[in-house]
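Encoded as structure tokens, the structure appears first; notes follow it.
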Amino acid sequence: ASSESSIQVTPAADRKQPGSDALVVTSQDGITTITLNRPDKKNALTTQMYHDIILALEAASKDDSAITVLTGNGDYYCSGNDLTNFTDIPPGGVEEKARSGAVLLRDFVDCFIDFPKPLVAVVNGPAVGISVTILGLFDIVYATDRATFHTPFSHLGQSPEGCSSYTFPKIMGPSKATEMLVFGKKLTAREACTQGLVTEVFPDSTFQKEVWVRLKAYSKLPPNAMRISKQVIRNTEKEKLHAINAEESNVLRERWLSDECMNAVVSFLSKKAKL
Amino acid sequence: ASSESSIQVTPAADRKQPGSDALVVTSQDGITTITLNRPDKKNALTTQMYHDIILALEAASKDDSAITVLTGNGDYYCSGNDLTNFTDIPPGGVEEKARSGAVLLRDFVDCFIDFPKPLVAVVNGPAVGISVTILGLFDIVYATDRATFHTPFSHLGQSPEGCSSYTFPKIMGPSKATEMLVFGKKLTAREACTQGLVTEVFPDSTFQKEVWVRLKAYSKLPPNAMRISKQVIRNTEKEKLHAINAEESNVLRERWLSDECMNAVVSFLSKKAKL
Amino acid sequence: ASSESSIQVTPAADRKQPGSDALVVTSQDGITTITLNRPDKKNALTTQMYHDIILALEAASKDDSAITVLTGNGDYYCSGNDLTNFTDIPPGGVEEKARSGAVLLRDFVDCFIDFPKPLVAVVNGPAVGISVTILGLFDIVYATDRATFHTPFSHLGQSPEGCSSYTFPKIMGPSKATEMLVFGKKLTAREACTQGLVTEVFPDSTFQKEVWVRLKAYSKLPPNAMRISKQVIRNTEKEKLHAINAEESNVLRERWLSDECMNAVVSFLSKKAKL
């Protein structure tokens, strides 16, 4: 693994995974799998991991796989943005921090908007924050029945990202989307499936087996047809999605500089430190 | 209460409500509540009430509440447009009546489109017509299991308003939206919830208690974050909603002058008078 | 029946239907019914039938019926595009075939986008391919519980049409739409109803009776109000639908000339010939 990156690419199926790096990428059976691998931190996303996921998606878009998967290692799928990201203030101060954070967020989400092949989320456990909001940009979302979906933005003085301000109302109607995005209601996997955010829910005991059997079957379909069909669907709203992403990132930059947000994040980290 | 208005504002929690006016506004626990208060007429909306709801929403948008609620007093949530509005013909005749009616409708719906804070419908009983169609513009819709949702536009020779021609197909798909909006199918609360129009349904016996406990909890979240999150969601389609509202109001103005509509309304009022 | 057309129009209710032509049109009780009548071929659509359905819709848009119905005769609703259409190569070769096929497809779908009255699908059995994708353009979709909904585009090296790349994600969310349109998942009638593609499902034993009782009741509502309400709904996205249709048809034209598609269709027809 490079000293500048937490990414570990293992193109060959038999290559052993180190397990120590925060992002693991494997490619097998026509499927490239990007695994969040910070199980002791519930796969919370560090700034480095945002960069590395961008690189991993760019590589996967060009490799010979038919399908790309994002999943998590351990009990959690992803606990969202690592809030310690907020405490690492650069020389430019909090304004520069907010600016660069908004640029990174926008670039990160743009990669999901533009990803050219079928993109599948294998949600192996609870999902929080940005790992939930970007699900609206995936082509398939399979979830274990242990998964939950939680976006406590208001609680942290923040606002929706990942194009969720547009995709969630479209998927579940505004009145269910708002309960999640504005009031922070946590959904069970079954609820998320009923509301269309999740494609299908599987019992945790057979989740991995059932999902991978199905994905391997899908990966054998004509790859160009799948890629082009996915793009035909995405192109109906790609321009809109980029505009939404830009606006959401701008609003969040301002939120991050607000007293409401700073106080809420400090309060959250203090409580956590006391545990 | 002013002689020119049916609105009664009671900013202080302990102020007694007169109960005689058609609209009652209270503010408590960070929640401003606008109550339709014409229970003997099933909370049918008079022309005056449209004007007063506009004023109440404008006041609520500027007060220090975090959340605004619309609800009804008595068995009904709202039986829709009071059809006796049609019989009060001004000196300008039916054409002037239709013109001013369309302007009022458009202004009324624009207020819901532009409302800047989380807006919650507490649907305490059956809802009809415009009280149903504007639900697509609310951020949360809680309903008792006694509620029903009915838009008998075609039966009255009319056409959809409240942006429902856009929001309903978006929420429930075109084939379920059309059955409601074009063929006048009445939904139960459970059906409306399954189809995404309603956020959650509660047993009538615990409805008021459960809903207000939840709303009071929500009202304590950071108010700016909630307001901004709501606006980020709304801004993705605000321009579109205004255009839809203008078009729906124009079409309705023509409908109101059609023989189909006049005959249907006369027939409805005659039957009612005989009861 | 004309020698140039498979269409058979029987405006009078008591006129006997020949049963030999591939499309039968009847008009009764304010309802014009277009019936796919190739039951031995599971109502697969020949090139001639595409042309004839266009003519039938144009005629129905101008007749005095209030509602128009599309249904199938026999066990199937429609098995989609008759793949033998691909084997009838004109003097201009496969390029000319693909070009004219894309023009016909676009004209066919445009008729459904522009149809001015309520359009109802009475899905009497399994539906495949384009008979499924255009359901997103109907105003009501009633289905027997024997019906299934299947779009195996990728399996045949093809891509979505009928505006489904836009309507399906809007109706059921992107993650359920993609499983159907990209991965070819077949839905039961109940699943299609839960996901909003189907308005209501009926037991097969009472399907015809229940559906026609309901449609006859609907056909007695004020016809102008219904027509105008349907158009108000459709006009919110008519321009978008035409653009989507043009793009989908262009992409399909290229797909039809691809090796993936040619090989997949030849393979399908070979397997079928061996049965």
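Here are some notes:
For reference, chains read A, B and C in written order, and residue numbers begin at 1 within each chain.
Here, a contact is a pair of C-beta atoms (placed from the backbone, for glycine too) under 8 Å apart; a residue touches a chain by one contact, two chains touch by 3 or more.
Note that the structure is a prediction, hence the values are computed from the model and not measured.
Taken chain by chain, the contacts link every pair, so each chain touches all the others. The pairing of subunit A with subunit B is characterised as different-residue: of all residue numbers used at this interface, under half are used by both copies.
With centres defined as mean CA coordinates, subunit B is found 37 Å away from subunit A. Counting partners per residue, subunit C has 170, 172 as the residues that reach two or more other chains. Interface of subunit A with subunit B (complex): residues 153-160, 165-166, 168-170, 172-179, 181-184, 195, 244, 247-248, 251, 255, 258, 260-261, 264.
Interface residues of subunit B, counted against subunit A in their complex, comprise 118, 135-141, 167, 170-172, 196-200, 218, 221-222, 224-226, 228-230, 232-233, 235-236.
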